[in-house]
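Input: structures, listed below.
In what follows, subunit A forms one complex with subunit B and a second complex with subunit C.
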Partner chain A sequence: MRDRKAGRGVLLTGGSGYVGGLIASTLLVHEDVTIVAPVRKGVDRQRFLSPVSAEVRLAGHAFDERMASRIHLVDLPEREHLDALDAVVTEFGVDEVIHAAGCLDYFNAGALESVNIELTRGIVEQARRWQVSRFLYVSTAFSSGYMFRTIGETLHTAPGKDPTDYTRTKRVAEEIVAGSGLPYLILRPSIIIGDSRDGHYSGKQYGLYQLWAGMERLLCREWHPEMHALAPRQPVQLIHQDAFQSAFLAAYRHLPDDSIMNIVSEHETLPDLRALWDLWLDACLRPEKTYYYERMADIPLREINGKQRALLALASVNLQIASHPWRYETTSMDTLRAKGMTFTNATRDSVALCQDVFIAESKQIQEFLAAHRSSFSAETTQIDISPPVIGAAPVLAGVAAP
Partner chain B sequence: MESTATVSQPVAAPERDRGYYNLLSYIVSNAIAGEIMAIENYSEMVQLMPSVAEKIETAQQAKEECKHILLLSKLGHKLDFGVQKRIVEPQWNNIRKHFSTAVTKGDLAACLIIQDLMTETMAIMLYRTLGRQEDTDPTTAQLATNILADEMEHLSIGISRIQKLLAKDSDAVHDSLVWAHHKVMPELFSMISTSCHFLCDDLNVDCGSLSLGEIRNDIESLRVQALEQYIDTLDKVGFDTSITNALIASMASYREMDRHVLGLSRAGAGEGVACCGPAAGTPAADGAVAPKRC
Partner chain C sequence: MSDISYDDLLTRNIALIASVCHKTAVEESRFIEDLELDSIDLVGLVSEMEEEFHVFVPEERLRAFRTVGEATRCLQELLSEGERVA
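Presenting the complex of A and B:
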């Protein structure tokens, strides 16, 4: 365990975002630190504190004035003028940098380059000047690109093909951090979803929530007697936000300098993509027939319902990522578990809890259910379409329970 | 070919309030702007058309768009709402610039994709919406239905032209599609909105008061219809779905990504987050869109 000064300053970037907010609330509850958070223009104190205080309260702690006073917001300077943070770094005795700011917009190459790479480069450069004791970087479990072997807890010297520029830019940022000469810790969480205990969530429509939001938007308009789903039996790498917080804290406290940690649920517990479709279809559609496909290329996109076609296209990148057989080294997770870290794996049931909250709080879905539940089929015929039988008559694989 | 669009004999319009006519004023003015852009695009594209027959056909398309402008203007006069006969919203000018860039490059495929596929797709969605008599009024619905027939014809011509180019050089046409998609679709989709840059001021209409509820619609439904129509068009042309899927996936980022506020009520946390959460800038039950105040 690192020896740290009580009341020390931690500079946290991305604190107004989802992951940064989870980190802020974890630090406020469990560590004696003052958080210095550079924020973009337009992020006021109320907007910053609201999700952070909610996380603190939902974790069973009081969020009082004293705790709030441990957060100091400052304007994030332009990338070329990050040295403007010098004064606040000195004032609060900043000893560590936690860099959680990032761009997740897969399709905005300029922003990905600017935020994930150039901002990281700039923050690292300043951190070296500030001579911080450690630089913690929040990366992603997918920074390796598509790999067909176990993804280690090392830098990716031979990356696979990148699903998006996001994974590439996060990998480059890892290299910048690791090559900085600063002691570092790189965390690679997989797809973060709501809390395992009550399903609450305050992130954006990314990952699984993008798929759910797409289903809400496109499917919950009329009942679909037939569904076509890209649903290989491939476990989807999800972690709950409370599990992320536990892993973050344990890694923050216990991992040695220059560590890289994959934060993933145990492979065996994870629901596969087909189970995720089934969860949704059972709750919100119950078609007469569902066709499951192993690959996007197998789906007769030009022939299926337009809204299903739109959903599959809109979510195509995430569905492709979820369809890949990701496997991870978990040495750090195992070590931290041995030290007492509690980490709730994502399971079909725990994901269902998050989905229940999403559905319960969606006005559109509730109106759809009220209007169309009577059309729901008592039984759904499940039809597996695997590549060898394309062009042949679909094979009846089984009948789902109502 | 001759335009099929005409203004029919006036039919007694149902009693509609001022809000309805303000909305029509806004929509029809925007439609006219789109038609003006179409005239300019078709006219500029003539030089790239390979045969005399196709040059004539393209000039004819421009002429039909002229007629649409006159008919839409006449509709405003007939129903007593103001229309703006010039391009006000900047997105139309941006699309025009991209189109001109394609012309300068001699990229006929990109020109056809921008004007015949992308813009016509949006026009079809618009006129289809206005053409529902039960949601609008008989005069507007009849005119919209007639213009819709022309725009469907233009789309059909465009699909046929692009299919021919695809058959000659599929890679080049797909490159043109990718370029045009990223330039034009964000502009077109940003216009599926009842909040504007300048148009309402020009029309002397209260921007915040416009409600698609007046025509029993909402922004989200229109966006879904436009998306479906666009995908259907791409599929009809026969583009490679592995390329079009990636393009469509990129459209997820057109909407400002909101933070969800799910299950936080127990912590009394909803209010602050909701400033930039689903409650902000999204249609109310009646389809009215409040400007974002974050």
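Presenting the complex of A and C:
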């Protein structure tokens, strides 16, 4: 365990974002720190504190004035002028940087480069000047690109093909952090979803929530007697937000300097992509037939319903990432579990809880269900479309599901 | 070959955007920055365009849908190429 001064300052970037907010609430509850949070123009104190205080309260703690006073917001300077943070670093005795700011906009190459790489480079440079005791970077479990072997807890020296520039830029940022000469900790969470205990979620519509939001807004208009789903039986790498907080805290407290940690649920517990489609279809559509495809290329896009085609286009990148057989080294997770870390794995049932909350909170879905539930099929014929053997027609295998 | 002119396509696209998204668009309007559509709005709008013009927009062509004019030009090309939906 690291020696830590009481009341020390921690500089947290990305604190107004979803992951940064989870980190801020965890630190406020469990660590004696003052958080210095640089924020973009337009993020006022109320907007920053609202999700943080909600998470603190939902975790069963009071969020009072004293706790609020441990958060200091400052304007995020332009990247070329990050030394403007020197004054607050000195004032609050900052001796650690937690860099959680990041860009997730897969197709905005400029923003990915600017935020994930250049901002990281800039913050690292300042952290070296400030001589902080550690630099903690929040990366992603997918920074390796597509690999067909177990993804280790080391830098990716031989990365696979990248699904998007997002994974590439996060990998470059990891290299910047690890090459800084500062003691570092790199955390690689997989896809974060709602809380395992009550299903609440306060993040943006990324990952699984993008798919659900697409289903809500594109499909929940009329009943679809046939559905076409990209749904290989591949476990989807999900973690609950409370599990992320628990892993963050354990890693923050116990991992030695220069560690890299994959934060993932145990492979055996995870629902596969087909199970996620089935959860949704059972709750919100119950078609007469569902066609399941192993690969996007096998879906007859010209022939299917236009809104289903739109949904597949929307979620195409995430569905293809989810279709890949990701496997992770979990040495750090195993070590921290042995030290008492509680980490609730994502399972079909725990994801169902999150989906239930999403559905319950959606006016559009509730209105759709009220209007169309009577059309739902009593049973759905499930048809697997196997990848065709070259020169042969696609293989159909149907089975009725109650 | 498409027998719809660019101007006709543009007029119908602008009317479609008004009807589906309740936004007033012009040729130069950017879907995200000016019309404030998110990615779900955008793919939903594209599916309405596909239905309206009986055309298939391959996923890789969606990136060209930055402005109303660019989308219209792309639709015109696809119609010329005979990219029809079933």
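Going forward, the second predicted complex is superposed on the first by the 387 of 402 C-alpha atoms of A that agree within 3 Å, B and C clash if a C-alpha of one lies under 4 Å from a C-alpha of the other, contacts with A are read in each partner's own complex, and residues count from 1 in each chain.
Convention: a contact is a pair of C-beta atoms (placed from the backbone, for glycine too) under 8 Å apart; a residue touches a chain by one contact, two chains touch by 3 or more.
Keep in mind the model is a prediction, meaning the values are calculated, not measured.
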item	value
Clash-or-fit label for the pair subunit B, subunit C on subunit A	clash
Contacts of A:297 with subunit B and subunit C, given as first, second, both or neither	first
Partner chain in contact with A:306 - subunit B first, subunit C second, else both or neither	both
Which of subunit B and subunit C A:235 touches, first, second, both or neither	neither
Touched partner set for A:316, first subunit B, second subunit C, both or neither	both
Contacts of A:218 with subunit B and subunit C, given as first, second, both or neither	both
Contacts of A:199 with subunit B and subunit C, given as first, second, both or neither	first
Subunit B versus subunit C as contact partner of A:107, first or second or both or neither	both
Dominant contact partner of subunit A by residue count, subunit C or subunit B	B
Shared subunit A surface residues [contacts with subunit B and with subunit C]	107, 205, 210, 214, 217-218, 301-302, 306-307, 309-310, 313-314, 316
Subunit C-touching residues of subunit A, taken from the complex the two chains share	107, 205, 210, 213-214, 217-218, 300-303, 306-307, 309-311, 313-314, 316
In the complex with subunit A, residue positions of subunit B that touch it	220-221, 224, 227-228, 231-232, 235, 241-242, 244-246, 248-253, 257-264, 266-269, 271-273, 275-276, 294
Residues on subunit A engaged by subunit B in the complex (per definition of touch)	18, 42, 46-47, 49-51, 53-55, 57-58, 105-108, 194-195, 198-206, 209-210, 214, 217-218, 221, 296-297, 301-302, 306-307, 309-310, 312-317, 357-358, 361
Residue ranges of subunit C touching subunit A (in the complex, touch as defined)	39-40, 43-44, 46-48, 50-51, 56, 58-59, 62-63, 84-86
